[in-house]
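Please find the structures below.
Next, two complexes with chain A in common: one pairs it with chain B, the other with chain C.
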Partner chain A sequence: MDRVRRFKLLLWSICGLAFAVAFRRFLLGLGSSTNLNDGTPWGLWVGFDVMGGVALAAGGFVITATVYILKKEEFHPIVRPAVLTAFLGYAAVAVGLLADLGLPWHIWHPTIYWQHHSALFEVAWCVMLYLTVLALEFLPVPLESFPRLGKIRNFLVKNRLILVILGIMLSTLHQSSLGTLFLIMPYRLHALWYTPILPLLFFISAISLGLMMVSMESLITSYLYRREPETHLLTKLCKVAAWVLGGYLIVRILDLLVRGEYLAIFENSWQSWWFIIEILISAIIPIVLFTSKLTRGKLGWITLGVVSGVSGFVLNRLNVGGIAMAGTTDSFYFPAWTEFAISAGVVSGAALVFLFAIEHFNVWEHPPRDEEDEKPYTLPRFAPVGTIWLGDPHTAGMKRNSMAFVVAAAFGFSLLPFSSLESKGLIKTPANSARGKDIMQIDANRDGFFVTFDHKKHENSLGQTQSCAVCHHAKLPADEQTSCAACHQDVYLVTCIFDHEKHKTWLGGNQSCTQCHPAGQNRSVDTAVECNHCHNAEDASLVLAVQESPIRMDQLNMAGSYVDAMHGLCVTCHKEIAERIYRPLHGTCTTCHPFVAEESKYEWDKLTQTTASPRWVISTPLLQENIDVEKLKESVAAQ
Partner chain B sequence: MLEFWLELAKGPIFRFSFALCVLGLARIVMLSAWGAAKAYYAAGDKELPYSLIWRTTIHWLFPIRMGLRNRPFFSIVSILFHIGLIIVPIFLFAHIQLWYQGAGLWWPAIPRHLAEFLTVTTILSAILLFLARVWSSASRHISRGQEFMWPLLLIIPFLSGFFCSHPAWSPLSYNAMLLIHILSGNFILLLIPLTKISHCILTPFSQFISELGWHFPKNSAKDVEITLGKQGQPI
Partner chain C sequence: MKSILTDITKCIGCNECVLACKRTYDLPPELPRRWHKPDGLSARNWTSIVRLPENKFVRKQCRHCQEPACVSACPVGALIKNAEGPVTYDGGKCMGCRYCMMACPYEIPRYDWDSAAPYIRKCILCYERIKEGKQPACTEACPTGATIFGEREELLAEAKRRRQENPKLQLYGDENEIGGTCVLYVSDVDLKAIYNGRDLRGDPALPSTTAPVLASVPLTFVGVGVLMSGLYWTINRREQLKKEGESGEKANG
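Here is the complex of A and B:
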């Protein structure tokens, strides 16, 4: 049991870490916990948890079909573990899907809102139905411990064949329809992976993967519980798996030949090497190890083959689900560590349930025996630190595991920044000052789209040297050509400009608090005195320019965003003059932002597609003034 | 450098200790409930005066009247100590501001003067409690190391917090004092579920269990001995 104990400790720790990550994911959303983007909306959670999970759960229908339909009774000892693995695999899919759905509380929608043109609709129904079927298939095992519910158990056992047939039917539909999902993206998926027979390939590979997964599960549990490995059965399973794998390999190669895409294997790109690696570890290595006279029937080689095959097919699902699209989407995506944590946590949770079921029900012929349980009453213990009562030793495992969970979760929380501002929703765009002197180029975010501002002309028309204060905060302390960007530091976000540290230093350090914060009151912005308490007419050197500016005193600490400040400054004046001189064009956006209409289509496309500046497009006055963007696009295209 | 450590103490270290405190306490409660349920199902004779046990449990959870009868000075000081200990960290305005900035949570604060008064009473009563424990030989003999440590450890965040709100009297710079304050607070949060401070959530359980023990039927200890097969041995 020592191996199991250590393994469980590890699993509980991973679950704890995943708990912290899940907390954040469900509180703050996908953007805060994944690296997904519009180019790659399906990442690790779909590729591994959903597609990998379903494929790994294929052992259930393969083994039940072998035992109950083909009547190969020799495989009977592994039916229960296989069904349990399948059930937990599908449950893990459902949990992983909850994490991946943007609105997880809509997961029940496919049951009511039917969209029968969608492959995902079929997938959703198959998962739901097959999960139910698997639950009913496995239910007789735990029911053995409840003699009172014998009637239900008898009913389920009597109708087992129906459930088995249903299971095979739903699996066939479902394993293949996961491949169907990708049939709509022939240009997105690389030619080595995209094929019209993807559903067939998914189904065949699921059968072989199911066989290998059952072997792997048997190998792991026999290692953990120090049982005699079922080498005889495993050899037979692997032999069948090798046959299926051979079929898969032939179909895949033939498909490439028929489609004429086989040359892509030799084009020496990363995709071609990736394809070769995938085929090698998913099919060729297992086939060789399972059939060669030297290696078959030997536990070490079987283990190697099974591990290679299973990881190869998980890689295959990841490739189809995303990696093989990277070449065409041109968007970089590598899963965040939080995504790995959730995936690992879901798998660990399923493994823990599996171990629990093995230890408490007759998944095997007899549950494994724990020496700790067999000792009669031992003396109670006290924890060495803090001498807390640890209770009887029989719950020691529970205490140990829960402690591992708690510590790992706390560690996870410490790694995750818990502020919604940290998510990718608000990217900071530092503002830069304008370039030039007489004719200025104002391009605060340096994206190449600037407003041409004739400084000389404005100076002349507003009243020569006396006019600076019309636009500038001329009375800012020590103002010498202070750039707007000095205070309006972000293009879209407000900036706090009150420098607490500097004021503290000016006023005399730690003893100066009460000069602004009244004694005996809680110290905050709300209770502090207003700025003009000191910055008033009595001392001319301290008078703030802001008192004469349109900035409101109650927002004194905050400088508006650069865009808002500039627009407030320019547009207000421009509109006024436009009305006065009866020239409405003088007050429209395109007067200053001409590039929107004049720039080439390429520039426009660049502007609208840049992922970094969707807010730019929204905050552009162009859209605020209800100009029809579609029409504009069309006219640009016509030019 | 100090700013870096402050950020670390306010951010990751605080989140670690706070999460460990909350989850650790939840863990202890669940384990206790599990143990109690297990003992209940294992017990043979379940005929106990439960309504009486409930009533006395709740009665003893607020031991003001009964505590005053026995060692009144110690009881009053202890109650004062607990009032400040619980109220000040939770309802201090500056702490609530931190919660508001970090998580958007907000709840009413106590006035500044009250907070300062309670801080001082807590510090003084902690010292008195420590002295009383050292003074009385009976207390000294039943005390473990952590019993002497806790009053002194709890003084640190309160004293440093007091200096943080009165930087003029502080022997160290504001940031250094703040770092001591935050780190000691984090350390205490960390220790809560691992030491006897877990009584902040376990008291109802232990009180209930000990009340149960008082109302066991006669000679039940003998039955336990026989069931365990441990007659004449320590259990």
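Here is the complex of A and C:
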């Protein structure tokens, strides 16, 4: 039992970590604990917990069908573990879904709001029903320990066949429907994975995966409890799995040939290599290992084949559920550690329940016995040096496990910032020190385009040395510098730059109203003529261009005061120096706004914010350009 | 059916529609977030102006498809295609599975990632205003008439007329494009750029990809049930006969 004990300790630790992460996920929302984004709204939790979980739990329907329908009685010893694995697998899917759904308290909504055009609706119903069926299928096992409830048990056993057939019907539907889910996204999924027969592929692979998963579960528990593995059964299971895998491989390749997409395998992109790896470990390696004369029937090779096949199909589900979409959306996604923690925690929880059931009910013909538990209780005479006496072996185990859980949870909490700032997904503001003056260049929009920032001025106006914390927040996690927008909330709002007084003066005072406001109408912004009534290309003197530059004022969608402030920080000094060093270009717009001159260079992907066009913001390459300030000063002095 | 026609050649990128939308729905100013896509749409910006090279401005918003993928994908019917045209959302039904975001070929719906009770956010074509007989806030605010509101047939005819006048123009959103959309575009630039390089013209409506599979569900369900019962009966019967035969042999022997 030593292996089991150590394994349980590990599982409890993972659960503790997951508990801390789950706490934060439900308190602060999905953005705080995942790397999901608007471009990839489904991630690890859907790909692994749901898609992988359902597929891995396919052993239940495969084995019950083999034993109860096809009457292969020799597999009877593995029915109970297989049904238990399936039940726990589906329960894990449900728990994983609770974490993944944005509004988990609405998880029951598919029961009352019906929408039969949706594949997900069908999956939801099937999973709900099948979870119930699996619970009823397994219930007779724990009920053996309660002789009083014998009637219920007898009823369930009598009607087992109905449950088994119902289970197969439901499994067939939702195993395939998980593939149907992705049929509606032909633009997202890469051609190597998107096929109209995705549901069929999902179903066939679920059967082989079910067989391999049952073998894997048997291998793991045999290892943990130091039992003799049922090699003859495993060999047979793997032989069947090899046949199913062969069928899967043929269908998959035929599909590629029929659709004419087979050339994509050889296109030498990362997708094509990924596809080859997936096919290799999910089908080819297991088939070879399960059928070759050299390797079949040998435990080590069986283990390798099973591990390869199971991880191959998990990879397949992850590919369909997200990885194969990476090239078709413009956002990058890699799961955060917190996502891995929740996924691992859910699996660990299920494994713990599995081990509990094995030890307390007749899942196997005889539950494994813990010799230490059965020793008569004795007080130790001496606590051995270097270890702590935690009580008798039974309670010691509980204490050890709960301690592992608490410590891991505490560790998790210590790693997770709980500020709301972090969960709002605000991006750190990068900052550079600028040449000359006490001005920094900070990327307030976090879009790679920097603006000037007078640190001294902010310091002065916010209260000298007392003011640091206003922006630097006394080093809150993930907050090196507070974004400009935290205080200057109107930075992103467009304001009108129209100066009414000046126009009145230019056009001749009170006499001029009707030039813009048609006579007889209310004088308001709505009724006034548009700017381009006068400012049009016909009269060059009236084109709203900034002096010496092609910038047109009517295209400037930014607050006028903001522009003035930004320019005030540089332009005055620049112009002064430009005259002194006889370099007139040093003071013109294009010195700092190169995109104005080379607009065509600037492509769609450089553009990140529409309200503050980067064209008006100093570009980064300019900042990186290495100019020796001292030399510049010298040259100025010399002149 | 009500509809919006946006003419890219007339848009000057003034953002008035964006602001009108934000005013109407009380959307707070948006800050740059980790989860944003570069197109400017977000849970707080339901429409945005995307700037393309050569001073072309494209207003991005929900296309309100005639046969919306999101509506067919939603497992609880939180998204509905209304008779007036808008695809609207009911947060009270939504369970947050985000299948609509995955299904939308234009990748329009956005999510409240920073909220503990998040909802799907997207343009709803000002459904309430349309019902009152008013036009959407964005088309009302447009100073140049680049984006206009009206009956779909009329706007489609208008778009075709503009295309005839200027053969350079392309029409987006007619029945060839995944069954047609209620938000039409007339453009002299390729709109692929704002939809991840996807050109959906000439493709069938997306619900048709899953519909045949889902239609076969009841038959599969019953079929598997019958098949399994039949298998069980056959195998059981064979075993029984075998046993009877054995016992018969014994009796004879």
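Just so we're on the same page, the second predicted complex is superposed on the first by the 409 of 639 C-alpha atoms of A that agree within 3 Å, B and C clash if a C-alpha of one lies under 4 Å from a C-alpha of the other, contacts with A are read in each partner's own complex, and residues count from 1 in each chain.
Operating definition for what follows: contacts are C-beta pairs under 8 Å (C-beta built on N, C-alpha and C of every residue); 3 or more make two chains touch, one makes a residue touch a chain.
Computed from a prediction, not measured in an experiment: that's the story for all the values here.
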First, second, both or neither for A:520, with chain B first and chain C second: first
Partner chain in contact with A:260 - chain B first, chain C second, else both or neither: neither
First, second, both or neither for A:180, with chain B first and chain C second: second
First, second, both or neither for A:122, with chain B first and chain C second: second
Partner chain(s) touched by A:410 [first = chain B, second = chain C, both, neither]: first
Touched partner set for A:38, first chain B, second chain C, both or neither: second
Touching partner for A:510 - first (chain B), second (chain C), both, neither: first
Contacts of A:300 with chain B and chain C, given as first, second, both or neither: neither
Partner contacting more residues of chain A (chain B vs chain C): C
Chain A contact footprint on chain C (complex, rising order): 12-15, 18-19, 29-42, 48-55, 69, 71-78, 93-99, 101-103, 105, 107, 110-119, 143, 193-194, 196, 198, 200, 203, 206-207, 209-211, 213-214, 217, 220-221, 224-225, 228-229, 231-232, 235-236, 239
Chain B contact footprint on chain A (complex, rising order): 20, 376-377, 379-380, 385-388, 391, 395, 398-399, 402-403, 405-407, 409-420, 509-511, 513, 520-524
Chain A to chain C touching residues, read off their complex: 26-32, 35-39, 41-42, 65, 68-71, 100-104, 106-107, 109-110, 113-124, 161, 164-166, 168-169, 172-173, 176-177, 180-181, 183-188, 196, 199, 328-331, 423-427, 445-447, 483, 485, 489-490, 492-494, 530, 554-555, 557, 599-600, 602-605, 607-611, 613
Of all residues in chain B, those that touch chain A in their complex: 11-13, 15-20, 23-24, 27, 30-31, 34-35, 38, 93-94, 97, 102-104, 109, 111-113, 144, 146, 165, 167-168, 170, 173-174, 193-196, 198, 228-230, 234-235
